[in-house]
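Next up: the structures, one after another.
Both of the next two complexes hold chain A, though its partner changes from chain B to chain C.
Up next is the complex of A and B:
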């Protein structure tokens, strides 16, 4: 059942369109992330749901109620902001109690509930501390507890982890997901960090220029990007220059068989989008390459150890000498040394072409 | 070598600081001490007669009462107008900040005598509509206090992430009035106290407007009484300055007690470890 519905939302700032016929339905208890580059409209969409921006067109429905014209204080939403937003004059517990106080919750019930929520976010012992006595991570945890205290219909998270250091960020995002699942609260999360979005979301919406490019489960967004933009924005992608020749794309003199090439005109200049993990490297004199794949001679430039994989940068020896990134599993990938000649094989799962 | 050179530089620096401090203290304290000395002169030695006379001179007491009431009313008027307006400009129309600043700072550039000439006709109407109470000077003093109060409040608002705090409160169900009273005002304490004390100091020391518009207040009474009893006049002037100092000390005390913001770096490593574990 749809819990949050955004339909046909449009918003322009001056002459710039921030949202353009934007649609998004989120089911009850679902965790959806909006991912995209700066200026893609993801924060605008979230702020329209919160009521901090008004939509030029379209409507927002929360739990069956049209809230498009309601002010933020009447929307029953909880929000955690990118900037630290705790009220400096109140303790952590006071911050958590604030929303309940406005709703006339009895003092004893307020205190108990604040204690429960601070316990939930792992800060039971810090209720008496003021924001300036808490670290950034602790402040965002309190902000989460504060947002949850009013038992909102929707939880909105506006890049709440972006100001935190890497280790705290990873821990806290896991905690947010755990709490969201425990409470079953419908959540809309805005981030520009794709790893974050892919790691904790039920579905990820990738946005560009005010429009939704793709909305799907994280694995599908990564493995089967719906558009060239998604392919290039999510994860690391090689964009190899080539030209169409029948059912092949010719990359630096090597013919890569791709069925989709037939839909392009002969000789069309294209970019072939390839994930680093779809690039396989072998020593130039090896014979383990597939007979049906393209093999291109290349020279290793760098080899970076990234833990589970080694990222090898090679320069194709033919044509324009394009650079290609290949993620080779460790420890095999560690064996490629700069200067070494290798054979590049493209093992494409879902080839994607973009006309130049 | 370095170890011996550093303390020498420090000592020289300290001596210079002490010298500047002593010169400044002398510059400010000498006239006050002279006032104290003058106001305690008696016919046969030291006397507190002039100080005691403050309480037994009805005109002086009336002047004090009027000026204090004017100060309180002007402070209330200025804060009541400026806090919501400045906050609104910060939140909703930040592009108007420069224009508002210009308007608020304008009274600094206009001499009091010009203000009097400008508002004399207006005050004929004020007197006609509200009576001839010296408390009607509150409106004129409100304008005079604008530059000082605006600067303090504007700085206070600029120092906090007003938009985020307001939006956080709104998302939790707060009306704009609640945001103003429960979120902004408590976090503007220093700025408000600062604006209030500046306004009060200005009103308590104001003479030109009151005198030229024929109203009585503390400074006008000091001037009048000073012509017949210089000792009493100087005692009251000194007392009003001491009152202003007390206000400033209170301000400093409150400012020191308020929490400041810290970064993650200020949090002990053990606490950080606890967060990340």
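Up next is the complex of A and C:
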């Protein structure tokens, strides 16, 4: 199995820096996703690995071999594109066979292997169909089979699910992960869909402005964001306006104890980043409040049932009337009705502050 | 919410009115077009087809068809087909190369906009104007002809009279075939997806392999279709040839002209109609093939 290493990659388009000192090490058989907003450099990184873009600086090493200057056809890389990459003049089987044909594999062996791969992606009965006769999801399955047919060292997936509808996307991402695990192929996956990245990756790299903000296992990226950007980009986050007062952040008149506040100057205006699941709601009975309580009085605006949780939107009754999202377990959360007064309590696991 | 309602209502209202028109309303909207086509295409076609099978007295006969398959008229057909085939092929190849160059240029660039605007004009620049432009440039006393004579003592073939025969027709026809090819073929070239080239490369293929196995085959129906269209365009062209050729009638449209206007050949209009029928058959055959190829192009390059 193959190990992929990108070190010190830099790339600029005109005056715009797409990648800046970008490092990434992917272990053999590992599935790593690059996640980030449009223009963060994730696709540029992937295209540099594929050889479709040349890096201004840095190296790409595959299994100890420096491939930075190699042309794409000499890198032994399988790639699945965003959409519409199947050759329209070839059947599904013809598409899968194509890479083997270029490598001089005997016709019979090609046909057998294409059949195996189409079977692997669940399209054994569709080998004779042309791309225009296949659905978007089926086309992407064929594209995956085509990429795997050449037994590549590395599999690159460039947002292969982004053009598909939600249900197909969820099914296919599971299929991709199953096949990747079965074959043990080292895989780099680029996506802007955080749910997708968190669901199927061994590790997720969150990128912003050409740099890696955090690279870790999905649970850590979600629960322990390394930077404010990651906290705000991954998952849903409340950004509550407050100010520093000793070891507290004062949010709409309520003091929230946070050790990190000490490293900020007194009176500094900050945003306190809070996940909806870190917000606890309780019915207000009027006795629990005090001037320095960490609990804040609020009014319920909406309550949306999301399956395992109910997402409750409340408006803080004091100060600037900030909106706060709270995810409450469904049976309990379902009891909050619009207009009801509640107490908001912040049960912070890993408080994060950003100066305004 | 309230602000968006009137907009929704307005759209719905237009949809309702369209729905109320019903199929009859749609046909009513098409009526002017159908009348135009009936008067200026269907009726003349029927007249030509019927006339091709009648003698001067209106009796049924096959003699007109037998006559036009005879030597003089068959030669005119052969020359028309030669002229159309050569100018279609040359125009298709050069136009395809120009399309490829335009597709590679910046989408909003000045060069691309200028070339496309030029093609739009030149593709329609046939007839007397084009013939005059060539006569004034490379005719017997044309500007370029005189310059060649005076500066380099070069005498053009047949003193410049080549322009008024088949070679001249081929050059002049090619002049409007190339821009037409660009207009017809450029969308197909632009329909080639960069992912196909990259997919071939990632599978271990070179650019040559891409063109051989993917780019070329995907473009070939569009190229063939456009070539057929160019053929039909040249085959049915009349004005340019009429303005250039005053002696004899080397091609079918000029033969038909002779039957319609000549004071020497009289009473043989139905022979002209038989020639017209031949042209209709040839053009219909080529346009049918063009339509078939277009269907494949649309499927592959949508």
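Quick notes on this one:
We take it that the second predicted complex is superposed on the first by the 346 of 356 C-alpha atoms of A that agree within 3 Å, B and C clash if a C-alpha of one lies under 4 Å from a C-alpha of the other, contacts with A are read in each partner's own complex, and residues count from 1 in each chain.
We adopt the following convention: contacts are C-beta pairs under 8 Å (C-beta built on N, C-alpha and C of every residue); 3 or more make two chains touch, one makes a residue touch a chain.
Please read all numbers here as calculations on a predicted model, not as lab measurements.
After superposition onto chain A, partners chain B and chain C are found to clash with each other.
Residue contacts after overlaying the shared chain place A:150 against chain B and chain C alike. In the superposed model, A:39 makes contact with neither chain B nor chain C. Contact with both chain B and chain C is seen for A:87 once the two complexes are overlaid on the shared chain. Legend: residue contacts after superposition of the two complexes on their common chain; A:135 is shown touching chain B, with no touch to chain C. In the superposition on chain A, A:253 contacts neither chain B nor chain C. Touch criterion not met for A:335: it reaches neither chain B nor chain C.
In the superposed pair of complexes, A:99 makes contact with chain B and with chain C alike.
In the superposed model, A:235 makes contact with neither chain B nor chain C. Shared contact residues on chain A (touching chain B in one structure, chain C in the other): 50-52, 71-75, 77-79, 81, 84-85, 87-89, 98-99, 102-103, 132, 146-147, 150, 156.
Considering their complex, residues 50-52, 71-75, 77-79, 81, 83-89, 98-99, 102-103, 130-138, 143, 146-147, 150, 156, 165, 167-168, 171 of chain A touch chain B. Note for the complex: chain B touches chain A at residues 160-161, 164-165, 167-175, 178, 182-183, 186-187, 189, 259-264, 267, 271-272, 275-276. If you check the complex, the residues on chain A that touch chain C are 50-52, 71-79, 81-82, 84-85, 87-89, 98-99, 102-103, 132, 146-147, 150, 156.
Residues 193, 195-196, 198-206, 209, 213-214, 217-218, 299-302 of chain C are the ones touching chain A in the complex.
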